[in-house]
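Scroll down for the structure; my scribbles are underneath it.
Chains: A, B, C, D, E and F, in written order; residue numbering restarts at 1 for each.
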Amino acid sequence: MYFDSLRALLEMDGHGFYVWSAYGISLLVIALLVVAPFRRRRRLLSAIRAGQQREAAAAARRTPQPAAGSLSSEKESLNAPRA
Amino acid sequence: MTETTAPGAVSFCLRLLRRQLTLAIRRPVAVGNPLLFFAMVVALFPLGIGPAPETLAGFAPGILWIVALLSNLLSADGIFRSDFDDGSLEQLLLAPQPLYLSVLAYVAAHWLVTGVLLALVSPLFAAMLDLPVVAWPSLAAGLFLGSGVMSLVGGIGAALTVGLRRGGMLISLLILPFYMPVLIFGTATVQAALDGAPVQPFLALLGSMLCLSIALAPLAISAGLRISVDA
Amino acid sequence: MSITSGCDGLLLQCSALTLVRGERELFSGLDVSLRPGEVLQVEGENGAGKTSLLRVLAGLARYGYEGEITRPVPLLYIGHLSAVKELLTPRENLAWHVDGHADYRDSDVCAALAKVGLAGYEDVPSHQLSAGQHRRVNLARLHLSRQPLWLLDEPFTAIDRDGVASLEHLFVSHAKRGGAVVLTSHQPLRMEYPLTRLMLRAGGDL
Amino acid sequence: MWTLFHKFGSPPWLYRLSGSILRWLLPISLLALAMGVGWGLLFTAPDFRQGNSYRIIYIHVPAAVVALAGYYVMAIAGGISLIWKMKMADVAMHAAAPVGAALTFIALLTGAVWGKPTWGTWWVWDARITSMLILLFLYLGVMALYEAFDNKAAAARACAILSLVGTVNIPIIYKSVDWWYSLHQPASIKFTGESTIDPSMLYPLLLSIIAFYALFTCCLLANMRAEILQRERRTGWVQRLASENH
Amino acid sequence: MTETTAPGAVSFCLRLLRRQLTLAIRRPVAVGNPLLFFAMVVALFPLGIGPAPETLAGFAPGILWIVALLSNLLSADGIFRSDFDDGSLEQLLLAPQPLYLSVLAYVAAHWLVTGVLLALVSPLFAAMLDLPVVAWPSLAAGLFLGSGVMSLVGGIGAALTVGLRRGGMLISLLILPFYMPVLIFGTATVQAALDGAPVQPFLALLGSMLCLSIALAPLAISAGLRISVDA
Amino acid sequence: MSITSGCDGLLLQCSALTLVRGERELFSGLDVSLRPGEVLQVEGENGAGKTSLLRVLAGLARYGYEGEITRPVPLLYIGHLSAVKELLTPRENLAWHVDGHADYRDSDVCAALAKVGLAGYEDVPSHQLSAGQHRRVNLARLHLSRQPLWLLDEPFTAIDRDGVASLEHLFVSHAKRGGAVVLTSHQPLRMEYPLTRLMLRAGGDL
């Protein structure tokens, strides 16, 4: 450790502001850079899952399966005679 | 038949403003472009006239103002262009609201996405050209007011030329002289700040030019649009 | 409920209208008057002057003609250009339309879009629409319109057969409600409604 | 060789490979970065001329070096995608642009912050600085062009063309800017670099540079993975992945 | 059915060139604008930076080149714009002649009505900025060659962006970096002439850049147009 | 005298064509093959994919579709955009057309303009033409065309009744000469010629 105290480390003989702001902003940018693709991937995967669920629900509504006792297919069969 | 009433002039105006700003944001390049253009032209100058800081600093007020003027001038043509091309302008002329206010909304949108934005980021470019910090506020304030005048005057040119398939050179010749006072007072403001002289008189001049053009330019613009749609 | 309750007379009148474009006199001494409930089809071959006439009637063209025109009621004009902004969605296009005759609620806008067959396309950028869909966005304004007088220049362009039928139906119901429609079209109309016709002939006579 | 080439063209293979690379490379590169930066910040002695402000070097130089290399990665990927029509290459190209732009931005920013205590000004029109600014414009251009297209297949081709044109031009740009600067005999300010650098300062710097290269690779791969998913979202393997990976 | 044959590539090219030039002449603005723009900016500079002749003369090469570059940049977007908007570009892509030559004709027309014209009248502006007479020929020669490079590079940018609805003036961001070497060598040519140094090396450099871009740019332009028409 | 003497087989073939625009699959597994003498009308409601299909067949759209397309002969495509330069006269527009399939003599150009009813308008700047006249300038290319295959997207837009009839006549004579025509139109055709029809239905089936 070159610096004697935390205070010396922060001040760096008057250059502290420059050094720390340079490091701070750079590390922030790097953090964003690293995190962004992972967040994007996670959001994409959940969007795809949501799409799958929507499609599954739509498919269930189109072809009511008599065996499955889900709520939606019950509704379908209730509607069927009227239609 | 929906039972709605025609919106009042001011709310219609705000709607137009919102529409124009949305259109601008949908083309982020259109918003970013005056800034990038500014940045790149500012970068051209050191390449063209040499990188020595003292030269650059001496030129900085002039360069910044000229580039602001150019980027305003170049985007002014677009104020009514797309609305003319797709027929929205005809519809605007048939609207019951006063055209005076409607065109003000168009010009205001243009001003917000060019001049105001430029004024806001101007300190950055000032720094790149080594302009002393004391002059930054008056540069920004001057650009803020001056770009308003330039947008209004540019609007007149745009309104007169938007319908012309050929010609229009004459118009930009006519418009340019009106930009000159703005340029002169604008650079004078920055120069005054550099010299430690009071900048208020210059800003007041720019402000009164702005008021004058707010009062008169929309009249000219409206008349110009009616002629252009007819031609 | 009539939309022209305040004005029981004429919705549009022009008399002794003479129109010159370029070097050519398109027509002269034309008299047109429109009463509530009237549907007027302007016919004529290409270049006969239909568009020019409509623009004069709408008040967009203000030079090159002679004659008296009175427009006592607000009007809606739809020309060759669609006034649809490519970067806005159909919903925004209608809600923020520069034709400032009404403040529409979002539900009205969606209903109008559904009526022209654009349900499901409300939030697609308009430049992704097909030619006909593009025009339909503009025609949806007819469903929202409060103006008693409609001036429509070739409203059926690029519209498919069902669309044409439903537009014709709309014109009839507008007329029945006391409005009036002036339209140009090269296709024969198939509405079950008495139609006034105005034939412009190249050469100047009607 | 060719089988490997074809494998690289296969999205699921690449997705899985990049996943397993990321799993160990990312921690390592973050660790290396922390070590390099920490070493430089805390343990080295200050420069005898610039004092402590020189510590910015441990982030400035690596960012600048990797940002430059990044453009070539992008352009080569663009060339491959254009010539061999390899879809994964334009994924790589598109993934490299934001990383390169961010690093360029860091280099410019830290350079500017460094300049203030050293030269007394935030900005000078030095050859390297100017060409770095141009590099930022080039990156931004590629990114803006990609975003402006609705059709992403077309966007990828357009960007590939642009970055290829860039590769022809970049040497010209750099040479000319360099030459311009020497022509103009600059104002009194010079980089302190070039001069011999003390080994005690060099080792953390080298470590930091390596860390930045590794980090660039990580960000590139992670971006590519996200992009691959986006493009292939309608295919079976992505659908399966989404439902399994919960 | 008329019994004619498809024209050869070169005669087709000449036909295109003639068409583009006619179009330019029909819109005198298109031809006059770069010149006017040039004149304007040259006139603005003394206003912006103070009219001391010795200052002006020192920076004249840089200013003249920057303005030439800007006026080229700003008109580059128009190379394919109107043909794209009215559908001519689709037709051009379906033509049996090689696209390489056709786009060369478009670029050549642009070069003739902006760069060449500017090079021809540049002595006038040089005189306005007090540039010594010795430097005029090398200014004109440099502009002649350099504007060719700029038109070709600008054509690439235009081709890549012409189909974009959300493109704005993206083109200036794309191509400005590539203009910078031209600017550097261009000003260096004039500077060399002023210093009495030989200008041939610089002109040779500009010339070889021109050759390189004639060889490569049309390829990029053709590919860009195919993409733009499709998107 | 046949214009397709060299090529006695197909003028256009596409097989297993699948087209996706945006998120929507417009159609899939479409097979089209055109023989000399065939007139194919592509039908479908607005947004069905007619324009998209024609652009793919013409080779203008090169992404977003799957399938094999062979185009053994040169083709002429006329789309929604008119490719008429407003600043040029009709005569110049035709003589200098960027579709470089032929070198026309001035007399040919004038004859073609006369055939589409633009005699007397040869030297008027095109922006002074009416909507229908504007399109007619472009359609005059059909009279000059040497290409055996024509792909026409809504050729009757803005054209008056006589104009439509003469265009239909032109299509028939082109087909009889051994050419082929693919066209889209929302209006029913009234040609006395066997017509192939292709119905695109929103939803993907044919």
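Some observations on this one:
We take it that a contact is a pair of C-beta atoms (placed from the backbone, for glycine too) under 8 Å apart; a residue touches a chain by one contact, two chains touch by 3 or more.
Not measured: the values here are computed from a predicted model.
Separation of chain B from chain D in touch steps, taking the shortest path, is 1. Interface comparison, A-D versus D-E: the higher number of contacting C-beta pairs is recorded for A-D.
Taking each chain's centre as the mean of its C-alpha atoms, chain C lies 45 Å from chain E. Averaging Cα coordinates per chain places chain A and chain B 41 Å apart. In this assembly, the C-alpha centroid of chain B lies 36 Å from the C-alpha centroid of chain C. Along chain E, residues 26-27, 165-167, 170, 173, 176, 180, 184, 230 each make contact with two or more other chains. Multi-chain contact residues of chain C (touching two or more other chains) are listed as 80, 86-87, 125, 128.
Looking at chain D, one finds that residues 134, 137, 140, 144, 147-148, 150-151, 154, 177, 180 touch two or more other chains. Contact residues of chain F toward chain D in the complex are 63-64. Within the complex formed with chain B, the chain E residues making contact are 26-29, 32-33, 36, 40-41, 44-45, 47-50, 59, 61-63, 65-66, 69-70, 74, 165-170, 172-173, 176, 180, 183-184, 187. By the touch criterion given at the top, residues 134, 137-138, 140-141, 144-145, 147-151, 154-155, 157-158, 161-162, 164-165, 168-169, 172-173, 175-177, 179-180, 183 of chain D touch chain E in their complex.
Interface residues of chain B facing chain D in the complex, by the touch rule stated above, are 28-29, 32, 36, 40, 43, 46-47, 50-54, 56, 127-128, 130.
The touching residues of chain F, when paired with chain B in their complex, are 86-87, 125, 127.
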